Structures are given as C-alpha cells and as structure tokens.
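Data first, discussion second: the structure below is written as structure tokens.
A, B and C label the chains in the order they appear, each numbered from 1.
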Amino acid sequence: MDFIVDGFYRALVLLIQGDPQTLSAVTTTLKAAFLSMGMSLVIGVPAGFCLGYYEFRGKKTARTIVDTMLALPTVFIGLLVYAFLSNRGPLGGLGLLFTIPAISVGQTILALPVITALTASTLDSLDKGLRLTLISLGADKRQLFLSTLWEVRYGIVAAAMTAMGRVMTEVGISMMVGGNIKWHTRTITTAIALETGKGMFAEGIALGLVLLAIALVVNVSVSVFRR
Amino acid sequence: MDGALYTLDQVSRCYDQSRALDRCTLSIPKGRVTGIAGPNGSGKSTLLKLLSFIEPPDEGRVLFEGREERPFSPAVRYRVTLMPQTPFLMNRTVFKNVSYGLNVKKDRTDVAQRVSVALSQVGLDFDKFAGRHRHELSGGEAQRVALAARLILDPEVLILDEPTASVDAASSFLIRQAILAFASNPGKTVILTSHDAAWLADVSDEMLFFFRGKSVAEKMGLMLFGPFERDHHTGSWLKRGEDDGVIPVSEPPDPDAVAAVPERLLQLGGNAGDHHAAFDAEVREVARRKGHSNAQVTLIGAGFPITLSCPVSQTPEPGDIARVTYPLSSLQWL
Amino acid sequence: MTLMMKKRFMTGLLALVAAIAVAGSVHAKALMMATTTSTDNTGLLDYLAPEFTKDTGIELKWTSVGTGKALKLGMNCDVDVLLVHAPPAEKKYIKDGYAESRKEIMFNDFVIVGPKADPAGVKGMDVEKALATIRSGHKTFVSRGDNSGTNKKEKLLWKAAGGPLPEKEAWYVQTGQGMLSTLNITAERGGYTMTDRGTYIKYSHKNGGNPPLDVIVEGGVILKNQYSVLILNSGNCPKAKKDLAEAFSAWMASDKAQELIAKFRLLGKPLFIPNANQG
C-alpha cells in the first residue's frame, strides 16, 4: 500500500523536475496517439457514417462485425501487426518494426472499431427530419454529409475521446511492436510495465499518475470546446 | 398539359411493401395555390416529398416545367422548398438555422438583414430570437423559424405539409398570414395540405383530392367502405351500417374497393328511380358562409359521413331525417 | 463516397506515408539489439551504451524480451544482434544456421535464494542435493516458468537433481514473469527460487541492503551463467547490419568495456565478471 503514497510523491517529483526519461515517454505516447487518432478518425468517421446513416442489406451483419472487433485484445493486435511488419512478414521491407509509426498502425486497428461503432450509433439515432430539412433547404450530397456530421459533432467527439482512452492506455501493442526501446519507443504504459516488472511499484504508480494528468488536460480542453 | 408546372406520370412510391403512391397521374398549375385534401394515409405527405424532389419515385416520372427531374438536380434545388409536417431545427442558433439555405448556395450578401426580414415575416423579433437554440423555443415558434428559413430563400415553389398542425393559435395565425403574403407575390406557386378543410378550401385556388395514393377527380361527398351485401330478393347491392341504415350501391369490382359519389351529385330530396338511388340520413350539421348562396350540409347515413351542398332556402335542421339521392351512374369505385 | 471524403482520406494517407518516411530516415548508424529482461533490468546496458556510442559513433537501441523471443526476433531478422545467456540454446541456434558466431563476454552465476530461516535446511549444500531436499520436503519453490534463459537453467538443475520436472506439483509456483517480480513473489510466499546473482544484488539494493531473501545455495560449475553476443547469419538475414554488430561484439570484448563491466557494482558488489578473453 505504501508504494501508492510513495508513487504520488514521485509523480510530483517527475513532473516538477521534468525528468528526461519521463518526458521522452510522454512525447512518445503522445506522438503515437496523435498519429493513430488521426488515421482512425479519417477512416472511421466516414465508415461509421455509412454504417449508421444508410439502410442496406447486410447492415446488421456489418454492425455485428464491427462491434465484435471492439473486443480485440491489444496483445493480439500487437501480434498480428508484428507478423506483418517483421522482416519475415509481407511488409517487412518498410522497416517499420520497433518504430512509433508501427505502434500507431496497431493503435489505429484498436481505435477504428470504437470510432466506427460509436459514430454509427450516433447517426443511427439521428432524427430523420434532419435529412428532410437539409435537402429542402437546398443542400447537395456533400453539404448533406458535412452538415449531418456537424449536427452530431458532440457524438463524434465522444467517440474520439473513448478511442483516445483506449489508445493512450494500451500496453500490448506498444510492447510487441514498439519494443519498449528507451528514448525511442518507450511509452508511458510500457514504462509502467517495465518498472512494475522490475518490482519498482512506486515508479509505476508515478508514471500512471502522469498519464492521468495528461488525460485530464486533454479532457479539459475538449470540454472547453463543448462549451 | 400546358401551364402546368408539375406533371406526374404514372408515379408510384412504395414503403415497406405498401404503395404510398399508386400509379398517380396529375398536374399542378404554376403561379397558383393548390390545396391537396384527403384522409390520413392517402399519400399526401409522400406526394409532397416527391414534388419537392426530396425522394425519387419508384416508378413513373415527375416532370417540372416539362422536364423529368430527380433529387439533387440543379434545375430545381434552389427553386423548390418543402416545409415538412414536423419541421426539424438544427442544433445551432435560430440565426444559423434561418441562414442555412443561403450559406448552401453561397449567397453571402446582407445575410443579417435578410434573416431579420424573414423572421419578421413570421412575427418573430430578431433581437429576441436570433441567438436562441431550439430548446429555447416553443413548438409554434420553432415552426415559424422553420418557415422563415424557407421564405428567406424566396423560392418559386413553396410546398407545405400541414403547416399549422399541432401549433398554438397565435402561431397558426401568423403562419397563415405569412403563407398568404408569399402567395400574393406574382409567379409564386404554393402547394399545401391541411387538416383544416375549411381553411384549405378558402386559401386554395385549385383543389386536388387524394385517396389511396392517387388523385381523385373531384371532391367526394360520400365514401363507403366494404363489406357490401346483396339483397336476396332484388339482387341489388347495398351497404348496411351498424345502425341498420342502408345505402344502395352498384356491384363492387373487388372486396377492397371503396364506393364514392361526387359531392355535387348528391341532393336532398327526390325519389328512388331507375337511375337514381335514394336513402335516408340524419342531418348533423348545417354550415352557412358569408357570400355563399349554398350551405354545406353534413349528414350521417349507414354510419358514414355524407357532405352535400344545398340552397340556403332549403336547408334542413340538424336532427332531421332527410332523404338523399344520387344518380347511380355517378357512383365510382376507388 | 463524396469528393470531400476522398480528399480527407487522401490527406490521411499522405500523412501516414510522410510519417513513415521520417521514421525511416532517422539515425543511419544505429544498431538494433535483442537482449533479455534480466540483462536489461540490472542497468548494465544503460551504463555501457553511452560509452559505446562515444567510442564508435553507433547508437545502440535494444529491446528486452524473454530469451525465447529474443532468439525468435533474430530468426525473423527483426534485430541486428543478440545478447543472451543460454549457451546450449545458442549453440543449437548456430547449428541451425541462424547465427554465425558467438562471443562470450561476461558471466555471473545463479544462486538459490530463500528465507533467512531456511525452513528446508539446505544451506551450504550442493545445488543438486538442495533441490532434491526441497522437493522431498514439499517446500515452496517459485519458478519463472517463462522459458527464459534463467528458466531453462532452472529446468536443467531439476534434471540434475533427479526425477521429472515438478510441473504440476502444488509446492511448485510458476509466475510467468521476470526475475524481479519472481523474487518479490518468492519473498511474499516465503519460498525458494533460483536467480542470477546480478538481479539478486539489484534486488538487495532496492531493499536497502537488507532483503527478506538470502543466498542459500551457491557455487558449482553447473550454476555458471554465461552471457554472449551472437552475430546473426548473413545468409539468413542479409539486411542485418553485420558490420555494426561485429563492431559491438568487438567493443564488448575490448579491454575498456571489460573493465567497465568489472567496475559495474551495486552495494559494492560486482554484478558481472568479464571473461571475453578467456577460454
């Protein structure tokens, strides 16, 4: 128990002193998360839109598949991505293994079902009157899409926040595909795993608190956007 | 069909197995107010959605100015607008809701001024309402905002589906004023439906009657639903009501057909004859209006409502049993 | 979909490609190594790496995983060089053609640690006899159970002690975790475990020099823990940076590095004994 209290103290020390290893872990976490959130939003929001907005044969099946992918364990994704990115694998030539983009690829696979499913839900429950109104006011297909997205913007932000939570806190992908290389691919979560594995629990707690602090900052800025 | 702005040619539209519009053929004139009357479920809302090019027909063609058009077509996009039955306001300020249509066509001149004008046309004060969100508006106010959003576009065709349904009296009045003001501009076409039959008849230059997905030639004074019976002795067909009242009809072509007689061919008094059918009905309501030499009489026969008009001097009293006659040949099956 | 959506998709893809390009161009002279958690956890590599970079200009990057995985990474050519401590497995690895050569760099030994009170009464015994005694006494023994180099050594010892592996015995606890975690669990359970001395010294250091576990059994050739650098077979891994790997191997065997290794201490005790230039 005392390591928790110890951890609080150490967290403050790390933050105030600007410990370079912690800083490196923080920037690595943020770089990977930023890249993966970007990719998953670009692909996931339109995909979720199509899945939620339109009626088509096989819609229920598609939705079930996406929902099932929500349960993909991170170590499993890590293993899959490793298989592709390894030099023995089909994409080995890219030399991506043990780099931040590799982590981002895995994290995108993690975040995509979240964004897609939640965006689809938001659009499914959208009032059908919106489409009628927008077309009757002269919107073309592109404006229909954009105005609809703007109308559900809070739902999409919520989806992004949920996905961000999963992405910033995962270990399995970062460890497997990033390699936990100091200064390069050591994220906060893999650093926590490392410290805990070494029995340095207080250090683990400290890093965990640093991660929470980052999450708090992100959420506060989002709520400002929400007004 | 020259002078017609719209022509529908054998148009059908289906939802989930049922035909909302069934091989409908009609035309709507330009520059007039056309009212569409008909019972609930007759397909009026669907018709209006097709006329405003929000949905395409499943069969047939919708012609605008003689050319076939479909949703998102640039020829009609900014010229026709629909005010749906339950208008939807977007999650943004009233100002943004009203100016949306202008943004869409990238029309940026004097937006604030035009929003103010549009709001005043529906009786809403700009300073009070422009910044409000939809949850800060009453039902009537929201409906008026929706109307303002369409009036600001100055469309050529304004289509309204039950514009004053479920709206408070004050808003209803303001909305009707706004519609009349719009219609009085030259070259504007208005197409609307309303549950308020009297107002609809008043405001419309032309009337269309709609029943089961098709337009019907004229207003029917009598509509009888099956099942129908055959009299054992005479072999003639009739409709027996729960009150045991009986109305003679001709042979139904199929079990689902509805017997209809145009209002103008129903008369009070007269006798049954070779070519005429007669029956008794109870007078329920007699309505006289300023400037009309005829009164509108509503009766109940065999449990069904009957409307006809008769000269003011011959109006019966409510509660009387009156004889109603009509030429058998005028009975239509729908 | 619509043009707008396509544009956004393209922008996203371009960003990804740019990121990849940037990632690929960083540090031309970098050596990727796979090593084991027990090696990394002592802090030796953090201590040696800056010196290596200063002397050779090569940046050393390493990922620490279990021995099995390290060997697998070498097989898949995902790393350029290995630093492991499992000589029988290494020799087989070379025979199977995955590595061309191995250079012995340093060693320490394994010890059996347990509670100060020594409930099994095995202090000072030979390791084979000690294990047999622990077994017959059904005393708690904690194993890493993760097929790591350490774990493989432990299994060897059980074989030497006689009898089958105590896989399913109730007193035999398999943690599936690293050495430090296993030591913690051993202390909690009041049992015995086998650890490399380097990790044990670090563990003591963490416990302020007075840990709940003492060295109970030590010594003997069978307990020797040899660390070696493996150069990957360029036939199997043509893209592996063999020249940089050989530079690393040579540097680790150099007098300077060997001296640094000898000087690496915790609580005044050396964690590793350099032996690159011996037989």
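In this section, a residue touches a chain if its C-beta (ideal position, glycine included) is under 8 Å from a C-beta of that chain, and two chains touch if they have at least 3 such contacts.
A quick note: this is a predicted structure, and the numbers were derived from the prediction, not measured.
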Measuring between mean CA coordinates, which chain is farthest from chain C?
B
Sorting chain pairs by contact number gives first A-C
Which chain has its C-alpha centre closest to the mean of all protein C-alpha atoms shown?
A
Intercentroid distance (Cα basis), chain C paired with chain A, Å:
32
Centre to centre, by mean C-alpha position, how many angstrom separate chain A and chain B?
53
Using Cα averages as centroids, what's the distance between chain B and chain C in whole Å?
84
Residues of chain A that contact two or more other chains, please.
141
Chain B residues within the chain A interface of the complex:
49, 52-54, 71-72, 77-78, 81-84, 86-91, 100-101, 104-105, 146, 149-150, 153
For a test of understanding, state which residues of chain C touch chain A in their complex under the given definition.
1-5, 8-9, 11-12, 15-16, 19-20, 23-24, 32, 37, 41, 46, 61-64, 75-78, 177-178, 180-181, 183-184, 203, 206, 237, 239
In the complex, chain A residues that touch chain B
127, 129-130, 132-141, 143, 147, 151
Would you pull the chain A residues touching chain C in the complex into a rising list?
35, 38-39, 42-43, 46, 50, 86-89, 92, 94-101, 104, 141-142, 145-146, 179-182, 184, 196-200
